[in-house]
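Next come two complexes built around subunit A: one with subunit B, the other with subunit C.
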Partner chain A sequence: MPRTLICGHSRSASIFLTTVLFFMMAFLLVGGNRNNAGMMQASLVYLVFMTVLAYLLFRSGRVHRYRSIFFSVYAIAFVLNFIPILLETRGHIALTGRDIANLDTPLCHLTIPMLILPGLVYGVLIFPTKLFANMGFYPMLFLWLGATVVLGKGWCSWGCFYGGLDEFFSKLLPKRIVSSRKFNYSLRWFPFALLLVIVVWSFLALDPVYCGWLCPFKAVTEFVQPTNWLIWVQTGIFVVLFLGLVVVLPLLMKRRTQCGLFCPFGAFQSFVGLANPYRVRIDKEKCNQCGACVDQCPTFAITRETLAKNKVSITCARCGRCMEICPRDAIQFSLLGVPLRGHDARKPGFLSEVFRPDSLFTFGALLFGAVISGGMAAQVLLRFVHLARTGSFLFR
Partner chain B sequence: MLAAAGKALLLGLATGLFCLGTCAPVLAPLMLGEERKGLWPLLLPFLQFSLGRLLAYAVVGAVAGWAGAGAAPVLTPRRVGASFLALAALMLLYGLKGGFPGWRLCRLAAPLLARLRAPFWFGLLLGFNACPPFLAAMADVFLHGHVAYGLAFFLVFFLVTTLFLLPLVLLGRLSRYLSLRAVGQWAAVIVGVFYLLAGLRLLIP
Partner chain C sequence: MAETQTFLRALRERLMYLIAVLLILLIPLIFFSFGSGLIEKVAKKIPLREGNFSGAGGVLKVERPAAPR
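So, the complex of A and B:
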């Protein structure tokens, strides 16, 4: 791989950004757990972990590397927490008819595109969840709205508790086993087609069809209890999609195949994410069209065609990988409407470093990520302590 | 009727994006060719074009429904299932291969029509196209065998394809972000899989 020119922050700017972030995270993570000593201690551990990661990220400029560690930990914490919670509250993982009738299904953000039309036209919520419960409709809606403002499409690399699983598996092997040189890049439009179909289908059937038939993450969260052959087929589809798109292909290709080639919510977020002012842009003065970024983008957002126009496509998930591997420092986080100025070390200055677009974006993204992952990560830490003490991962 | 509307919507999605993606390079200059100021001069050729398409679709819908009514006695569930499978194969081939070169009628006719500069005729001829989602729509109406069903089906089909056409022609912005052709192609593949399942359900008791 060509030599890269990663642009980190000076020591003083890194310490400043990390300190401010530390106090904000401490207030939001630890402050909320004042009445629970165990959670408070676990949150403190997580706070230290996030603070160290943030410092390393700012100082080294390796956004992708340290984000990737955070993102994988977050997704694994989600799964390790979600299933035990179901076992503790319901006594079983598989959804029964009674759970559905009682609206006991946690809502996830993937359903949002399917809920909009039926909600607007008929005023109904077509997913069996409670409106105000933890992981019910309104909490998830506000989480998504907040994420869209702070992260835009960056949700897919900093906020989505499923995306981290793709990320994790894509990082496990040191080298690619399947080259993507002959990859058919038109596949990256598949999620948009799937989005169109499921939105229309769900509206007509008044049923979130993606959840019933196609969601790969049912394999590691919850699924309807198989009681007839049709539900067995559906469950089989979930497992095959999960193993294929989230485990095997990311392992072999070292790319996030579920996120880049399948997830309809990612396609939806590509559009609504345009409301967020941060962009990833290629400086045509610096880029020599070497193509390293095309080969490395985990979500297939840069192709030879987009590169020729010095653009990344609408599907860019703001992961930072291209910036890390570009040998000419030609790709940067930027703010809409602000011309690219270059952020190389030749222009030092405390304030200009702190207010660089990449500093602002990563600061907001880390804070948002820490807040939404904090509770889960702390709970999982406590579960491990509980496991060591009692031999059980469940609290009761 | 709701199921009919659903199928028409999905086929409209597939055909709308793909065929219009193919025809856009010709269609856009036709709509926006001359310097036109204001909304009405911009809308008028679009409305003429849409009227042409609507007429074509109404004729196709009514004829397919009428012909299907005549053939109704011989249409057993097994035969319907088999024809669904054939349609699924057609849609999958169409989506995966990126269309059939020989069938790109609008592309063949486009230079002539562009010279005619008559949006109504352009719409009428584009309306009688032969891409697989359109054939799937015709087959669906034929298998139902009702003229009214055919008219309703193609009305929805028309509305959905118009939805795609409108931003494409009037705004042209969506294509800045997406490859409409590729999205349409993949939508055809997904709809093909749905037809495959529907066909199998009819064939396997």
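So, the complex of A and C:
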């Protein structure tokens, strides 16, 4: 593999960016828990973790490496927190008919594309959740809207609490077992076809079909209690999809196969994320078409064809892997309407570094990620302390 | 003409950097809005109601409304 040229920040710019980020994270993470001493202490620990990670990211320029650590920790913290919460509040993980009738189902962002059309036409929410509950419809809708403006498609690499699971499994083995040289890259359009099918089907059936039939993440969150053969079939499907797309294929291919080849929400986010002004662009002056990025892109967003046009696909999740791997520093975060100057072309200086598009994007993404994950991570830390003291992972 | 174009280009670049900074400042506002009651205030104006689920057999099914709005 060719030697890579990664453009980190100078020590002074890294310290400045990390310090400002530290205070903003502290304000939002610790400040929000000032009435709960335990959560405040756990949030402080997480704050230190995120600050160290942020400094290393800015200083080294290895966006993907340090984002990947954060993203995996975030997803694991989500799962380790979500299941105990269900056990504490409902007493069981599997959804019963009574839970559904009581609208006692937490909503996740994956459901949003299926809810829009029935909501607009019939004025009804076709998912059994409450409108204003803690993990109900409106909080999730507003969170998603905010994330779309701030991160765009970057949600899939910095904000989604499921994406870190395939990221985690894709990092476990040191080398690829299945080569992707003969991979058919047109498969990356499958999520768009699936999105169309589930949106139309959900509207016609007034049923969130993706949640019922296909969502692999039911394996690590909640699922309908199997009471008849139909639900057993659905259970089998989501278990197979989870094991295949989130565990086995990422392990073998070292790529995020669920996010890149299956997730219909990711396809949806590819469209709505265009509202965000950040893009990943390839500098045609620098790129020598070596194809290292094609081989390494975790979400299959760069192909030989797109590279020949010096472009990345709409499916790019802003993970930063291509920037890390490019031997000529030809791929960079950029702002719409701002020419791609390259890290080395601008006049060197403190302000030029701080106001680099990649600095601004990663700063915002880290802040958003830290705040959205902070509560979960802190609570999981407290659960481990509780486990050590009482032998139980549950608070009650 | 060339000067005007250069000026407009510089203005557009500055505007984009300003938007980038504003997006960062938007993040605390998003998370503050959760505790402020703003979401409830805005959402109550949206004509959307919760579904009525039978829950029989655990299948997620909403009762089809009588007629579109």
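Operating definition for what follows: the second predicted complex is superposed on the first by the 393 of 396 C-alpha atoms of A that agree within 3 Å, B and C clash if a C-alpha of one lies under 4 Å from a C-alpha of the other, contacts with A are read in each partner's own complex, and residues count from 1 in each chain.
Convention: a residue touches a chain if its C-beta (ideal position, glycine included) is under 8 Å from a C-beta of that chain, and two chains touch if they have at least 3 such contacts.
In this text the structure is predicted, and so the values were computed from the model without any measurement.
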{"item": "First, second, both or neither for A:52, with subunit B first and subunit C second", "value": "neither"}
{"item": "Subunit A: partner with more touched residues, subunit B or subunit C", "value": "C"}
{"item": "First, second, both or neither for A:201, with subunit B first and subunit C second", "value": "first"}
{"item": "Which superposed partner A:314 touches (first subunit B, second subunit C, both, neither)", "value": "first"}
{"item": "Contacts of A:363 with subunit B and subunit C, given as first, second, both or neither", "value": "second"}
{"item": "Which superposed partner A:96 touches (first subunit B, second subunit C, both, neither)", "value": "second"}
{"item": "Touching partner for A:193 - first (subunit B), second (subunit C), both, neither", "value": "first"}
{"item": "Subunit B versus subunit C as contact partner of A:385, first or second or both or neither", "value": "neither"}
{"item": "Which of subunit B and subunit C A:173 touches, first, second, both or neither", "value": "neither"}
{"item": "Common interface residues of subunit A - those touching subunit B in one complex and subunit C in the other", "value": "none"}
{"item": "Contact footprint of subunit B on subunit A as seen in their complex", "value": "186-187, 189-190, 192-194, 196-197, 200-201, 204-205, 270-271, 313-314"}
{"item": "Parts of subunit C lying in touch with subunit A, wherever the complex brings them together", "value": "12-13, 15-17, 19-21, 23-24, 26-28, 30-31, 33-35, 39-40, 43, 47-51, 53-62, 64-65, 68-69"}
{"item": "Residues of subunit B defined as touching subunit A within the complex", "value": "2-3, 5-6, 9-10, 13, 98, 177-179, 182-187, 189-191"}
{"item": "Subunit C partner contacts - residues on subunit A that touch it in the complex", "value": "24, 27-28, 32, 95-101, 103, 118-119, 121-132, 137-139, 142-143, 146, 149-150, 206-208, 211-212, 224-228, 230-231, 276-278, 335-339, 355, 357, 360-361, 363-364, 367-368, 371"}
